[in-house]
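Notes follow the structure.
As written, the chains take the letters A, B, C and D, and residue 1 is the first residue of each chain.
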């Protein structure tokens, strides 16, 4: 069974609006510690963890036996990043994005994390002709390479997303990140595969797992769901049951041993109960994946037999079969 | 349990390309008769049934105890319909669309059908500025009203579709058909709800059932699936499990007693086995719907409690819960 | 030329985050008064106008010769509306939505407006099975009918939207609003056609104009743009040039004489300059529409001649032809 | 001005259904020779050109001064490819795909072409769990590498497409092709950028040009248009004006010197006139691109100034500015 189970700490924001107050981190960690099955947490620098509170956070997590598995630089928030962070036309903004990321590496190492989830969500454009694509692609390469090179043993798990908040984000798909990590020649840059972002990119999430793991580049996984057009950040396995199952199936088949982290919008529900439910659902899907008659499935797949494979999956997944 | 179970006869085309030869109808009916659970069939005029073969078809279906539940005029095929049938700029094409439809009514009555599925799939446009929308909307109203008025006791189940083969089809959603039946003041014009077309229109299929049944206008149902962008005409419940369940749940809750007909692309599988599988899957989903703790669900829905409703559904649907 | 040109006052929020402070209305109106070509404004109750400041607002607008053309009840904001306003499971929230709307009518009449733009953007659902569609559709009808009946001479321009902030919003398309206004039997309920929302609903905006005006139900227009998947609220005519032209063409052809209001996100630009630019662009598109050889176009449309119509439009629209 | 202007010969199929008869090639070439501005042609093996007719075709093209710029293996048609060509579970089908492609190289060289457009449109899957992604990705690599290695001086311009006819096609985007050409370590494998396929992949086509040319991998271009969900293969610049302009702008800015080929559905129009119109429209867009005040644009882009860039573009593109 998967046993590196974490959440992004921001999921604990139960208020109607996200609470970005920096000193709320310990309260959120306290809440997170009540989630059944949790043993890791992703923190955002400087929102949740920073130069001032990192010792407290470290102590608290150690006491609660929660692993800080990732420290993620906030390169999307704030007015100077609204037209790009690593790709901003303003050199000061670009520099801040790199500096934030390096500090996130430092703090991550201090807390025993081995990776960051880097979401360059502002690095793109809103309008046709708004940006010179030659420039912004160059900036993106320069900036992220500087981060990756800062410590070549520290993993940079790039979270791609096709759009939102920008109408187009440069690093938009699994393929783009894989291509990009070659472009910047960074062994330690890979993919953070967010299930919902795979759907936004109209990828088949299971196939995305195969693409990334074939390249030894699946560094992190976010679980959630959405309807495919907008990133609604929904509860895991609430819409896409068979894609979720296939995603879990390939994670297990290819022996993924990284973290599986929850990233969804829990503001309209009790976040502790919701996260507990999601980890439980993850176990349900692992059980179903184990119930699949894999020998029969692989045989059916040899002939791309869609009817037989549908039957095999239904037997494993659906009550009343 | 649902017991009016049919297929569109075209599903029996097992060749790589659809077989449009008119005399192949009996062979297809022979094949259809082998499907487990089938008791009805939808025929296309003049492709499957026509002035020449209707007596034979009638006798065969009677012998096999298969109800001809719908005779559908082919108003999409052929060169003169490629820029519209009821909406064509050519009065002769418009006339043919109406004439075909009236003959389909006549033949349908002769064979004991109570309805047609009318798919005006060519009635729309490909390009901006290609058509004058005032004209084509008027033509659509005139033509379909003439069909509906031909026999006010015969149901015209309009199958909407947002696009394909045209880039835009006029009757594109449940709401448009409901609005349209008011516009032409035709009590006997209603909705043929194709599950996949609901997805193309980005409707929630269960909600579409409620909208159509609230208006007493759900005249027919097609079951299948797709990925939401293109009408892949896939095997029932192969992609959208929870939407399928909700669709079945509302059909049962609102006591839908019309036909449920299979409409999908079986050309890469054995169509008899595939149709048998789909009817079996329909039963599985009926069973799951029956297993839902409806009292608890309705209570959770009073507060729009998404977490609790997710749990209730998962318990009913997923193995291993 | 169109001469009822307005903006939604919220467009003047130039801060990175929307300024929802209620006392900022006069400052925004001051800014709005600098926009070239503006002669009307849409206000939100109670955000911009309310029981406390309406006399001041009235005096200011009168002095500046700005018509308050619409007062829109805020039925989307605030924690008690996050799971629905008119459709909330909480009767108090439903009541507040109706009360807000009635007050918006009262204030609108006090200020000489003839209509509200009613955006029931929270009235829908996030998850499958989250809500009982029978209930929420009934609530939506009851609530909006109560608003429409409050003063049958006051126009309720319903702004549909397919999604955002909910994954599904009940009133999602032109057709749904037209159907809905029949359902609640309200002559004074019609459509506020937001160009970008038409795109989200994958409507052809020009065709939507025809549908709504055929029913005498086009009560308001919002101009903006987006990429079709997410409501980016972009500058008018920044992406969809030919659809914008066709939209303007039909507004002119069918002699729309209501307001045309700007609704877009101006937070990354100078909002005064951006609004002035958009009104200027509107004039450009009116000029282009006037340049279309309409006789030739109507002739080409008789045969759905897509090549000829493309040539006619290109000659009118593109430099260098 | 661009001066390598070609069409895919299949565009000359003016019949309602595509004419796949092999001996019709010369008739289509005769028609193609009437297109204004044409100086090249893409042929499909064995549909248009094959072992039997290649000498005739060569002579004809030489006489008419038409360059055969590409010979494309038909790896999508026929029953044995319906579940994959290079990725088929059937080794004989995989072998045929490779053999066809090698013959296409041989014939291409015989006729003076320097490249093929390789569209592995069947290489993907229809259903979740239908195929083992590890296998089909391996087959895709093996097959296309064999083709690329057959003559390392011959360009393999891979045409990606996200879907249709399969629900998911493996090589689905510019990024995937760029990543893939690295994976198979083939210098001579690159991108054939079909404008409409870029839209289906929700790429910004101009940005795709930059990505591909940065890697020296833009080997071919297909021009057309669609609405973004379905590949309607529409007339060039009929829907996406500003994206088309940006596409042309970057092709010129980055000095693309390959072929620009028409690929669209001309079956409802006169194909000769339609192709002539499209080449003329291409010139119009080149003129507009030349009219853009590039100095001002580049300055605006330094600050991602969307309002200023919109103004600059409108001045260059729209009549009446």
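The working rule: a contact is a pair of C-beta atoms (placed from the backbone, for glycine too) under 8 Å apart; a residue touches a chain by one contact, two chains touch by 3 or more.
Remember, it's a predicted structure, so these values are computed and weren't measured experimentally.
The most distant chain from chain A is B, comparing centres defined as mean Cα coordinates.
One copy, chain A, sits rotated relative to the other, chain D; on C-alpha atoms the angle is 180 degrees to the nearest 5. The mean-CA centres of chain A and chain C are about 36 angstrom from one another, to the nearest whole unit. Mean C-alpha positions place chain A and chain B at a centre distance of 40 Å. Shared interface positions of chain B, defined as residues touching 2 or more other chains, are 83, 126-128, 163, 202, 229, 235, 238-239, 242-243, 268, 305-306, 310. Chain A makes touch with chain C in their complex at residues 16, 79, 82-83, 126-128, 163-164, 167, 226-227, 229-230, 232, 234-235, 238-239, 268. Residues of chain A touching chain D in their complex: 83-84, 88-90, 125-135, 137, 162-163, 168, 170, 172-173, 175-176, 178-179, 182, 202, 204, 206-207, 210-211, 214, 242-243, 246, 249-250, 254, 297-298, 301-306, 309-310, 312-313. Chain D meets chain C in the complex at residues 202, 228-229, 235, 237-239, 241-243, 268-270, 273-274, 277, 281, 284, 287-288, 291, 305-307, 310-311, 314, 316-321.
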